[in-house]
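Several structures are given next for inspection.
Each of the next two complexes has chain A plus one other chain: chain B in the first, chain C in the second.
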Partner chain A sequence: MVGPTTSLTPLSRADGSASYQCPATGANILGSVNAPIELPGRRDALKPEDATVEVFIKPGTAPGGVGERYVEGIIKSMLGRLVLGREKSYARRGIVVTLAIVGGESKPRGDSYLTVLPALLQTSLLALLSASVPLSMTFSATVLGVNTLGEIIREPAPTDAAAATSLHVLAFSSKGHLLLNESRGSFDFDTWERIRQRALTICHGTLSGSPDGDVAMVEDVDGQPLEGVVRETVEDKYHQDYAWKIDAA
Partner chain B sequence: MNKEAPLSITERDFILNALRENVRLDGRESDQLRPLSISFGQEYGHVKVKLGKTSLIVRISSEVTKPRDDRPFDGIFTIALELTAMGSPAWDNGRQGDLETYVTNVLDRVVRHSNALDTESLCILKGVSCWSVRADVHITDYDGNLIDAACAGIMAGLQHFRRPDAVVKDGQVIVYGVDERVPVALNITHKPLSITFHTFDEGNRVILDATRKEEQAAEADVIIGMNNAGDVCFLSKFSGSPVDAMVFVTKSTVAQEKVKEINGVIDKALQADLAKRAKGGMLEESRAENDR
Partner chain C sequence: MASAAAPAAQSAPPSLSLPPSQFARLQPHAYLLAHLSPPATSNQPSIRANGRAPSQFRITSANTGSLTHTNGSAVVRVGDTTAVCGVRAELLPTEDIASWSVSRSAAATTNKRRKLTDPTQKLTEEIGDESDLDADADDQSHIEDLNLLVPNLSLSTGCAPGFIPGAPPSSLAQSLSHQILALLHTTRLVRAEDLRVWYQPPNLGAEDLERHNESEQMDVDAEEAGEKDKEIKAFWVLYIDVMIVSLAGNPFDAAWASVLAALRDTKLPRAWWDIDNEMVVCSDAVSESHKLTLRGMPVASSFCVFEADAAAGWRAVIIPDAEEERQIEESNRKGVQRRWILADPDGYEEGLTQERACIVVDKKQGGKGKLVIVKMEKNGGWALDSEELRKLVDISAKRWEDVRQVIGQC
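Right, the complex of A and B next:
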């Protein structure tokens, strides 16, 4: 399994940015984060001690519509719980996440966003990290499809996704807790449990937890666990940015 | 809102005084473009443009729709440009600012109204179905001269894009997939590009391809839309202080030169991409003519 291609801070104007390309689904997402910024006309914010997370999705080849607003809602509520909005200089400020779908097959009109949702989530996480927004945890997300034979397909291509009986998007926190579950189609609970198991291995590898709650990640058939991709992207960026210091030492 | 933070008075004066001594902030000549790079993505009509620090992505897409009632022979071509917080923190998501309306209007005028894309060739069946071609411009980094960069991107995209083949059989429209039949290139009638100039010092200094700071310090802008043959298809002096008529005359020669330069860059990038695709794709096998 070929892992995703990622890069941190490809843009210069935005506070933080990331690009993410998933080879299996073909989704190519560019994300940017501006934080903390003044949000105009929002003095009467609902939670005066907290930061407001705003998410905007820009589809690649179509005007935005109801589908985008719906996914924005999903991502917003998930990120809202992760961001430490009460940190210094974040209260009453805005965290604006902008995600543009810059590549990949354009989905048919009215189709659900489930296939690109994990890519959107991963991009927003990387962009938040790039903008150094305080987060309570990191996460990783994947999409799985179940075909008519009951087989689980990891990150199905657009044609597979269209033929699948059910599609599931799951996100796990860095500690292995389930953060998000969005499903479409018909399935029973046993199938879902199998899906959850598989998704957990994709995100975290075969778990071998130690008593202090640390999770060691091991590679298997699913290649490098997605949680490791996030770590590696950030590590690579650090190595690049601090090359002068590392070389000098 | 939706405005960049204004320059300080000292910064404005610095730019102006430097220009009086014929020096620009980045050391360019007054008639010199920033380094322009154009590259193509995996799909047809996916263009990445970098003009100095300004960068954007253009995606061209097509779908079959019903033509407008008053123009049954014409296809539909739309340019969609939306400024998001990605390009600049000063822009609000989902809120239209002055710059957005202005840039969209100029692009519409230069590319669409000059008939760069022959919309009649997009007709499939009179009054029943036609192609609707859409150019989406995603601004990823904004550092001045959005118009010229977007215009170059759209024109490159239109030349790069291939739409699926469609035929009419017994009154039925059949659209063939990209892997069934060789996709068709769009019919481009000419290649217009816009060239933007900014004036300073009561119209005495005119510079090409201003950066964001230079744009903010400028008095007025002049946009010339022109094609390779030197036909002027758009001329605008939108706002700001008056500009001497001679500027239009002298600068159209410069504009012509720059249009050729940018079109050269686009052609080169197209050639390189085509060669790359020919290696891996079915282009050779699917060609109708043979080498004789």
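Right, the complex of A and C next:
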């Protein structure tokens, strides 16, 4: 399985940015984060001790519609729970996440948006890391489809997603919590349990915890676990940025 | 703290004269927590501030056919949340569809294919509506491609203090409209066949054929030819408008129930293609109109998670691992509860919680078949995992029975 292509801080003007390309679903997302900034429309009466998270999504070929509002709401409530909005200099201020869908299929009206949702989530996480916004934990997200034969397809292509009986987006935190679940189609709970197990493997790999609490990520049929992709992206960026120091040593 | 709201304390006046309603406004989190975890000495049951048990839904009532100018309408009340839904049908002539002549050829081929597989279909039809789903799979795209269902939800009615009447649709209203549309598409509730207006040209050649040859073979052929000429002249477009008249939390459940009840109530007049006027005309006789035949009856139930620790949302440095969490949960089963899953949250509870779940379930064959989950969402926290979700699905199944009775009665 070919893993996603990522890059950290491709934009120079934003506080933080990231790009994410998922070869399986064809999604190509560019995200930027500005934080902390003063929000003009913010009402102080509303949670004065907390930061506000705003998410904007721009679809590739059309102006944003009701579908985008819905996905913005999902991402906002998920990130709102992870961002430590009470840290110094964040209270009463805004964290603005902008995600542009650069490539991939355009979404028709009334589409569930589930196939691009994991890519949008991963991009927003990388962009938040790039802007060094304090987070309580990181996460990784994936989409799984179940076809008419009952087989689980990982990150289905648009044609597979259209033919699938159910689609599931799951996000797991770096500590193994189920952070988000969006399931559509018709399925029963046992199917979902299988989906959850598979998604956990995709995000975290087959866990082999050592006694000192360190979790080793092992590669298997699903390739590199997505949690590792996030780590590696950040590691690579650090290697690049500190190349002068490493070379000098 | 807890005694301020407890009825037992009302008989003996507290030293600090603060009525419960004020306490609820000043310390909302502590107020709800005091209700849910009363002191062990008081012998009070754990109950929500609104008097419901954690997994209890509000009283639901429904009334259909309230609006006279619509094809179907319903008013659904879930506690103090009230949704009014009206369905209006409008005709969309196929000549007004720009891409129709292109897509029609595709439709013709699928028609032919269906005719070839006809004998097998008759066999499978008896098994159940599963085969019917497969058969309709390709023409379902008519509903999605031509946007034959147009739901809209309006919150700008002065339904709650936060929503200014006459304001542009808020992002909540927009996302609710989208959720209704997406759910209509995924459940495939409305059949495309109900929305089509067919035209069968008179078979002028048939008489000739019959005079020539009385054999059955020819008759069948003539029928085949007639079937092939049958064409769609127009579609019904259903405009489904939901007005939330009063909002006290959980708008989606009420809105979806009202859409469901209104669609069950919807009657479409008999429409046919008038070849002389070259237009579609409708009959105004009520007896000739037909009701929609819906696929199943999906029912939505929403939940929220109330955390006992008010700082759980942001004091995040000490979040335990998922595994540790499970162990804490086990050990705490007898002791102090850390969180409550509240069904059908009202406005007060929604303001105090971040984590939400929404489950839409349906049962096949009018409730006797097995339970099917149509949509399962969970967002905004990490308290709900598979174990909790399994319980919520069971609660939703019970809720399905209740809502079916309410909607079935009207």
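Basically, the second predicted complex is superposed on the first by the 241 of 249 C-alpha atoms of A that agree within 3 Å, B and C clash if a C-alpha of one lies under 4 Å from a C-alpha of the other, contacts with A are read in each partner's own complex, and residues count from 1 in each chain.
Here is the rule we go by: contacts are C-beta pairs under 8 Å (C-beta built on N, C-alpha and C of every residue); 3 or more make two chains touch, one makes a residue touch a chain.
From a predicted model like this one, the values you see are computed outputs, not experimental measurements.
Applying the stated contact rule after C-alpha superposition, one finds that A:Thr138 touches neither chain B nor chain C.
Of the two partner chains, chain C is the only one touched by A:Gly85; chain B is not.
Once the two structures are superposed, chain B and chain C can be ranked by residues of chain A touched, with C on top.
In the superposition on chain A, A:Leu11 contacts chain B only, with no contact to chain C.
Of the two partner chains placed by superposition, A:Gln224 touches none, neither chain B nor chain C.
Look at A:Asn147: by the touch rule set out above, it reaches neither chain B nor chain C. In the overlay built on the shared chain, the residue A:Val102 is in contact with chain B alone; chain C does not reach it. Residues common to the contacts of chain A with chain B and with chain C across the two structures: none.
Contact residues on chain B toward chain A in their complex (touch as defined above): 1, 41-43, 46, 53, 55, 57, 59-61, 80, 82, 84-89, 92-94, 134, 136, 138, 140-143. Within the complex, the chain C residues that touch chain A are 144-145, 147, 171-172, 174-175, 177-179, 181-182, 184-187, 313-314, 316-317, 319-323, 325, 354-356, 362, 370-382, 384-386, 389-390, 393. Contacts from chain A toward chain C in the complex involve residues 50, 66-67, 69-70, 72-74, 77-78, 80-82, 84-86, 108-112, 136-137, 173, 175-189, 192-193, 196. Interface residues of chain A, counted against chain B in their complex, comprise 11-15, 17, 28, 30, 32, 34, 37, 40, 54, 56, 58, 60-64, 96, 98, 100, 102-103, 105-106.
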